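In structure tokens below, several structures.
In the two complexes below, chain A is the common chain; its partner is chain B in one and chain C in the other.
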Partner chain A sequence: MKYAFPLFSVLALAPLVLPGFHVTLLTEILIFALFAMSLDVQVGYARMFSFGHAAPYGVGAYVAAFALSSGNLPLPGAVLVAVIAVFILAIPIGWLCTRASGVAFAMLTLAFAQLAHAVIFKWNGLTGGSDGISGLLRNHGPWGFAGLESRQGYYWFTLAIVVGSAFLASKFVRSPMGTAIVAVRENEKRAVAIGYEPRRLRLAAFVISNTWAGLAGALHAGFLLFVSPELLHWTLSGYVIVAVVLGGAGTLIGPMIGATLMVVGGHQLSAVADSWPLFMGLLFIVVVVAAPNGLWGIKSSIANAIAVRKAGRLEVDHVAS
Partner chain B sequence: MGSSQVWLNLTLNTLALASLLAMLTIGLTLIFGIMRIMNFAHGALYMLGAYSGIAAAQLLGNFWIGLLAAPLAAAAFGSIFEYTLLRRLYRRDGGSFLLVTFGLSLVLTEAIRLIFGPNTRDVDLPSVLSGVVWFGDEPYPAYRIFLIALGIVVLASLAFVFLRTRLGLLIRAIAQNAEMTHALGIDVQLIRSLTFAVGCAFAGLGGYLAVPLITGYIGMGGAAIIDAFVIVMIGGMGSFFGSAAGSLLVALTQTFGNYYLPDFALVATYLLMICVLLCRPGGLFGEQE
Partner chain C sequence: MSLLECRGLTKKWGALVAVSKVDIAVSAGEVVALIGPNGAGKSTVFDLIAGTTQKTSGTVAFRNEHVEGLSAAALTRRGMGRTYQITSLFPSLTVLENVRLAVQSCEPRRAYPLFSRLLLERTTEEALKWLHRVRLREHANTLAGLLSHGDQRLTEIAVALAMNPKLLLLDEPTQGMSVEETRGTVELLKSLLKDTDMAVLLVEHDLEVVFGLAHRIVVLDRGRKIADGLPAAVRADPGVQQAYLGAGHVAH
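Up next, the complex of A and B:
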């Protein structure tokens, strides 16, 4: 993307000029954007509507919280442990969920997420039940590096991880495995005939998507220094789907824009109108019905239309194809 | 309280809860069977029924008015939604329906919160229903007996319509093969809309009937839709009898689980669903692939 470097530069320099609470808001946006991008690997590229994406996010956050509080690990170590834990958990759960497809897959992922929510909610001794775990610290590393403790330091840490993830994800969806996943989405029978194994590819998409969500969750734990069962509530799974579809599934950048809109709308508009879910829901319905490719899809089709007009009538076929 | 009385109590509670759950899920499963739509807004319609029933009952000072107002409001709203939005989506895949009905549930829940405020709401029971019924020496709330009776009546009459009338035959035919039914000169769209309205009506009725047990609150729709999904998946998507059996099974797990293993009841419900789906992917009564 041609805007990637300028955008990254602006984001990297932002904390130097912005007031503190804007840096906090930007951090939150980045984390939710990473979360939405992770779901896009499933929803957009594999067309697997997971309705339980809060589960890997919440579990990642809780594991990171344990690692910070009981394990006394430095923050990057805690994040790493969380990612590994979610990765390991996602394999058997993904294996079970990918037995189903379509609506049944959505319901199975929802059931596993509800199960995780119920376990964390009820297991008072380990998880603190409905109170969650608070008072976490961004522990110093073994060499006493304390750069992540400040608001700005944590923002840069998050930005580096999110930008790195977006770069990796864009490489992944263009990789042989990524294109095979898209091939299964487009025409499963043909993909089988060529020799692909749809279930294995779906499992791969599931595990990769979940692991990334776990990373986002771990960043969330380090950001707020507080985790609660709310992180695994099904409404969060719903909101992240809204973000993906609103922005434009299957584009990686679209869901990140959708996530930005959701966080900004939730924070800034609710102060004025107090009914952000109403507007968000209406906007979401309009987008699903009228613009299935989301806001980024609208932008692309406008860009296409302009290109077509510029190219003139003779080259219409060429551009459209 | 002796153990036999505990068992009687728990059994009756199970049946009362199963009645409520069945009213919620029968509509959901019929709609799925005939339209291939998993209606996420079903929980919000359940809540709409509860709130409009309460409003009507309080306005006229009569509990029974709510029993009429709740299903009417839910059916009217559901029909408008089906007519204006869902019809545009029939050519898309199941995912779009899940998304658009999820959007509707957000909008409807928030709209109800804006109109009625965030406080919980209750309804006054008439004296007939607020008393107790005696089983030997054991008192039992009359309202729950009323729920059980109503649940049996509703299920029996729906089963009659489904199995013994022409309308029921057409519904089953459309669920099996909509194109062929259409080719035989049946107005498939009309029957779909009718089924959708009836399904929404039962959701609304269930919501209002739940109010004396759980009070009306913002979020009751969300809790209900998750239960309903679990039941429909256990029973088999689109299966009428599966939903009835699933309602009973979930009510059993929750009622007995909450009494004997309170910390485990919630987990048990989801474990039950996962186990059923892993053994029989189509649900207990659904088509197996």
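Up next, the complex of A and C:
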């Protein structure tokens, strides 16, 4: 992507000129964008509609919170522990969920998410129940990381992780495994006939997608320094699906744009109207009806139309000469 | 021992016996056609060999190994490729991507999770080679779903060949093609099969295609094998004439 470096530069320099509130807003956008991108790996590339993507996000956040509070780990260590924990948990859950497909898969993911929500909500002694865990600290640990305490420091930490993840995700979807996952999405019978194992590929997509969601959740815990069962609620799973569809599934960048709109829209519209989700809902309906490939799909369609027109003009010129 | 050896293949759907005690052997380099009237059990035999349908009884040995219970994907990796009666491609991927996926599936790193430029270049080169051989090189960047029916059938053959199979199961390769396209495809298949030890098991309704390609013909009727031999012998077999070919074919 030719705009990646300029965009990264602008985002990296943003805290030097923006007021604190906007840096906080940008951090929130980056985390939600990473969360939406993680779901896109599953929904856009593997066509596995998960209605429970809040579960790995919430579990990642809680594990990071435990690691920060009880484990007293430094922040990067807590994030790493959360990622490993979600990765390990995603394997058996993914193994069970990928036994089904379509609506049954979606219902299984929802069931597991509701189960995780119930456990965290009820297990007062460990999770703080409905109060959650608050008063977390961004521990320095023996290696420093004092810079992460500040708003700007944490923003740069998040930016580095999100940009790194987006880079890795773009490598992943064009990798042999990524293309095989798309092949299974396109025509499973054919994919089997040329030697691919759909179940394994779906499981891989599930685990990778969940692990990235866990990473986003861990960043959320470090960002707000507070976690609550709301992070595993089905409404968050719904929000992130809306972000993916709004931006354009199967593009990685589209869901990140969708997530940005959701966060910014939420902040701006909630200031003028209590019923701001209504406006987002209307936008969602318009996009689904008018641009089924999402907002990024509109950009791709325009680019394709221009390319076709240019090619046509070249051909006409060639014939004329 | 033959490359493929099926003994006593039987498939029952409840009380209906779709395939009954069929023996088929295919040797390396041999083109064997499986013919019979509609409902004779040809496609079922194909599915039993390819592992997509579970047999009721009988054995299937491929490359001296009993392959019962192996998944279709595992069979493919052991060297059994197939095409489908109804075109089965990845429609929103390009022709090149369709063939490249097949080439990639033979690589040890077929499910490597990170992008590799070297692997991409190698698999692309190999895929283009196959597209050139089936005369679809100029359509490499066309979406497979936008190709004409005949070209989609050829893409399917290229996908199957790109995995360098030891045995290719061709399910009605000229189905839905015009007379011209059919002739072109037969000539193409002949040229592709020349100088190779790949075996082919072919199901085809068009007898011109069958007699043009097959070294040996197996005839099925109502799930049973009624003839197995050289094309001339099968053509002259009174039982086959009665069941399938009809008197009109005998004189040719």
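By definition in this document, the second predicted complex is superposed on the first by the 310 of 321 C-alpha atoms of A that agree within 3 Å, B and C clash if a C-alpha of one lies under 4 Å from a C-alpha of the other, contacts with A are read in each partner's own complex, and residues count from 1 in each chain.
In this section, contacts are C-beta pairs under 8 Å (C-beta built on N, C-alpha and C of every residue); 3 or more make two chains touch, one makes a residue touch a chain.
Here the structure is a predicted model, which is why all the values come from computation and not from measurement.
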Legend entry - Greater chain A contact set [chain C / chain B]: B
Legend entry - First (chain B), second (chain C), both or neither touched by A:I306: neither
Inset, instruction - For A:T235, select first, second, both or neither according to whether it touches chain B, chain C, the two together, or no partner. - result: first
Inset, instruction - Go through the superposed model and pick first if A:A106 touches only chain B, second if only chain C, both, or neither. - result: first
Legend entry - Partner chain in contact with A:G178 - chain B first, chain C second, else both or neither: second
Inset, instruction - Identify the partner contact of A:V10: answer first if only chain B is touched, second if only chain C is, both if each is, neither if none is. - result: neither
Inset, instruction - Return first, second, both or neither, reflecting whether A:N187 touches chain B, chain C, both chains, or no partner chain. - result: second
Inset, instruction - Considering only touches as defined above, state whether A:L201 meets chain B (first), chain C (second), both or neither. - result: second
Legend entry - chain B/chain C common contact set on chain A: none
Inset, instruction - Name, in rising order, each residue of chain B that touches chain A in their complex. - result: 38, 85, 88-89, 92-96, 98-100, 102-107, 109-111, 114, 222, 226, 229-230, 233, 237, 263-264, 266-267, 270-271, 273-274, 277-278, 281
Legend entry - List of chain A residues in touch with chain C within their complex: 168, 171-172, 174-180, 182-183, 186-187, 189-197, 200-201, 204, 208
Legend entry - Complex contact set, residues of chain C against chain A: 50, 71-73, 76-77, 81-82, 84, 88-93, 97, 100-102, 104-107, 109-116, 119, 159, 163
Inset, instruction - Give every residue of chain A touching chain B within the complex, in rising order. - result: 47, 49, 51, 96, 99-100, 102-104, 106-108, 110-112, 114-115, 118-119, 121-122, 234-235, 238, 241-242, 245, 275, 277-278, 280-282, 284-285, 288-289, 292
